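Shown next, in structure tokens, is the structure this report addresses.
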Amino acid sequence: VVGDPTTPVHAVAPLDRAGPGDLSFFSGAKYAARFAASRAGVTLVSPDLADHPGPAVRIVVERPADAMLAVLPALYRPPERVSGVDPTARIGRGVQLAPDVTIDAYAVIGAGAQIGARAWIGSHCVIGPGVILGDDVRLHPHVTLCSGAQLGHRVAVHSGARLGNDGFGYIFREGRHTKIPHVGRCLIGDDVEIGANTAIDRGSVDDTVVGAGTKIDNLVHIAHNVHIGRLCLVMAQVGIAGSVRVEDGAILAGQVGVAGHVVIGARATLAGQAGVFGNVPAGETWSGYPARPHREAIRAHAAMFKLPSIIRSLKRLVEAEDRARADAAPDAAAAAPDHRPARTGTP
Amino acid sequence: VVGDPTTPVHAVAPLDRAGPGDLSFFSGAKYAARFAASRAGVTLVSPDLADHPGPAVRIVVERPADAMLAVLPALYRPPERVSGVDPTARIGRGVQLAPDVTIDAYAVIGAGAQIGARAWIGSHCVIGPGVILGDDVRLHPHVTLCSGAQLGHRVAVHSGARLGNDGFGYIFREGRHTKIPHVGRCLIGDDVEIGANTAIDRGSVDDTVVGAGTKIDNLVHIAHNVHIGRLCLVMAQVGIAGSVRVEDGAILAGQVGVAGHVVIGARATLAGQAGVFGNVPAGETWSGYPARPHREAIRAHAAMFKLPSIIRSLKRLVEAEDRARADAAPDAAAAAPDHRPARTGTP
Amino acid sequence: VVGDPTTPVHAVAPLDRAGPGDLSFFSGAKYAARFAASRAGVTLVSPDLADHPGPAVRIVVERPADAMLAVLPALYRPPERVSGVDPTARIGRGVQLAPDVTIDAYAVIGAGAQIGARAWIGSHCVIGPGVILGDDVRLHPHVTLCSGAQLGHRVAVHSGARLGNDGFGYIFREGRHTKIPHVGRCLIGDDVEIGANTAIDRGSVDDTVVGAGTKIDNLVHIAHNVHIGRLCLVMAQVGIAGSVRVEDGAILAGQVGVAGHVVIGARATLAGQAGVFGNVPAGETWSGYPARPHREAIRAHAAMFKLPSIIRSLKRLVEAEDRARADAAPDAAAAAPDHRPARTGTP
């Protein structure tokens, strides 16, 4: 630490917006001018930049950006919540509101829904009849929870996410796709976070389940009857087809697609854009289309990109071979209808 | 049938939530405890599980889960609709409401829109000026229908779907992307169902069209001027670029992408994540990137994954060949600048 | 021009819906019947169709559809905006409304937000505390702008887009994914257009930035700390992971995925579904998975699809070789455990 180690900070900000009460960070020489001009109370600085002119109080750390992220949860002031039900909120018959909830403007809550303590329902959320929310749930604006949705404690759902929609299920009979009604539930465990505009369907008869502590990014699709375990990470635009089982601690990177009924083992990792059509064993990393173990996929793709030059070499080899035959025994070669090498005729 | 074949049921539920008036199903030994404890009035049971202890009235069928889905439409009680216009709904000038419609809280309907008989407009839906809805349309909460949208009878649109948005069209002139206004329509045929958070753009001058009986899943993108035929299935996260034509009965699996102006023939199937850059003939199944006939694609991918070992074998072959030349005629080999096999020099 | 060149038109429409005041176009013989029956005031017609019977006033041009798009911006009448704040709109404390804004029904604007002149906030939009909008901004219905969002002048945001959401950032500690709070901004430059149901996250400490004149399509995901330059085109369902830098004028086609921290150079083009895991140099076109320069990728994929037949040829070659050895020196061949060609044993 350089400067007064007792300097108090109570928030974080980038160099150009930081004031005396803010912690900031300086991690690249290209930001030297911003650092010089910064009013930040305390700055995290990497060793190679420690002598640049700038704010007096600095903490020298190897990776200031990472260090910043690590201290953020302690310094962050979450938006203030004021408890109360907005007069424009529509509360259906038999809705149970626990103490100290916040329900913002134009929220609509269907008959018989149960809302846990300190839940914060954002503006314009629509909660279907009979939906159940645990304590400290946070619904950002414009969330839809259809009938059959049940959320545990401390679940956060970002704007535009849709939970408990009918799944995509039809039977083709008499010349048309007849809809299979959906009566299963959409069960979301404690401490789950769900990104903006993500859609999670309810089960058909069975339930769709997301385990406790799992985090889901924006624009993800999770189909009916999918079971996702605890502490998984499901990144943006992943699509998971019906009845897939994702076990605890698995990581699905962006745009991964998983075909119906597949099992993704515990702590498995699927690399970005992987197309998964079969089960993935626990702990393994798979990638590519169709997805294979990552090392195998990397080697296969590398080989594929080398393939055009290999084919050229091969052609040269074959042509050379042909010339060899021709030189060695032209008549025999001409007489060999089955393309056996000409020299087979030479004793 | 085991037990009283006249036992009445009027709903469906999984074993653990079923009561005496419910039909349930028992399809795996791992659910034996739930079956034993179930209060279900009637249970579908597979032949191998028919003797397990549990509810008295059971129907033995080969695949109870499938059988369940098949009878669901008959037993399902859809959510009750109460006709009437919520006092908070905003009905624009000249809107035509057919008899017996339901318009929920905070819905906004623009001037001159026409709403068919028994339509159910969910909370917070926004319907643009001049939009036309047929009879028995169901809009779930938070749907946006922009001007130019026209929906047939019995269309269902799930939460957060956006129909009739401006397409993505620009002309680059004078150093900027100049927007092409969109004046075409977005025409949705009878009995179409559209998933949560799906976006279907209006046409530029021509129309975007989805044919009768086609079903579209969540988070699908359909660009301007696309024509989709009747009875197609378009699964989650599919993206269809401008002016594509998808003919009747085609099936597009999850995350498929189709490039602009391509034609997908009638009853063609595109496998999950296929990237389609050219026309697909009627009735064929294509897959992979760039998409090819499925058998060809499977063989190519299988070969790709075998490629690293093939390359290794090939190298061994070539090295052996080289050694052979060296053994056979070392001097000639050394003198052969063009890598023609050494033995071509041997008479 | 055929007919009266002073015929006035003030709108555009397809042949079957055009009236005497409309410009339309006739670009294919299959539309001849519609052309014959059309009431269009003026029609753009391709040279080969110029003699078909139909509306009297026609302008003969090479590509009528393109010509139509080119004149559309001049003829298009945008929807009429009526300034005023709807009585149901909720305006928070300290909100600054510039003159002549339009705020539609049920919009909610948080404390301290600033709305520029002539901005049009659609029905049901939710604008967080402190958000800043420039002049002539157009928010279509159901847009969410979270705290930290700042939009320049003339920005258009389509229905259901979510700007300034928390990014997907967690640190795994003590057996759980601990959320990294997000305090960075989401800065959208002048003249940006953003498609329906797109999600753009705010920065963690740094900002997420979209440069002036860039156009973004439907269902796109842009993660925290991404910087996108000016005049880029980002097509539907593209996913851009955290801290990616996309430089000016780059084009990302539909369903492209870009891995974290990658740099896409100025004016680079990424073809549809490309999976980009490394930096792309300025001006280059890349495609495929993992993305490579387009020519290289095309050759590799073409080779991959030829691979099965190559492998078959190769097998025939090796078998022939084996037979050759057997014919030439069966004993030596049998004695050669290392598969060196039999003839190496022949003097």
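As written, the chains take the letters A, B and C, and residue 1 is the first residue of each chain.
Methods note: contacts are C-beta pairs under 8 Å (C-beta built on N, C-alpha and C of every residue); 3 or more make two chains touch, one makes a residue touch a chain.
Please read these numbers as outputs of a predicted model, since none were measured by experiment.
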Practice prompt. Determine the shape of the graph in which chains are vertices and touching pairs are edges (line, ring, star, complete, other).
Written response: complete
Discussion item. How big is the rotation relating chain A to chain C when the fit is done on Cα atoms? Please round to the nearest 5 degrees.
Written reply: 120
Worksheet, complete the sentence: Residue numbers at the chain B-chain C contact, same meaning over half shared and different meaning under half, come out as different
Worksheet item: Using CA atom averages as chain centres, what separation in Å is found between chain B and chain C?
Response: 20
Item to complete: Would you pick out the residues of chain B that each touch at least 2 other chains?
Response: 106, 124, 142, 160, 197, 219, 237, 255, 273, 289, 301, 304, 307, 314, 321
Discussion item. If we count contacts the way the header does, which residues on chain C are in touch with chain B in the complex?
Written reply: 11-14, 24-25, 65, 68-70, 72-73, 76, 78-79, 88, 104-106, 122-124, 140-142, 158-160, 191, 193, 195-197, 213, 215, 217-219, 231, 233, 235-237, 254-255, 272-273, 288-289, 301, 304-305, 307-308, 311, 314, 318, 338-341, 343-344, 346
Item to complete: Please name which positions on chain C make contact with chain A in the complex.
Response: 90, 106, 108, 124, 126, 129, 142, 144, 146-147, 160, 162, 165-166, 168-171, 175-181, 183-184, 197, 199, 201, 204-207, 219, 221, 223, 237, 239, 241, 255, 257, 259, 275, 277, 289-290, 292, 296-297, 299-304, 306-307, 310, 314, 316-317, 320-321, 323-324, 327-328, 343
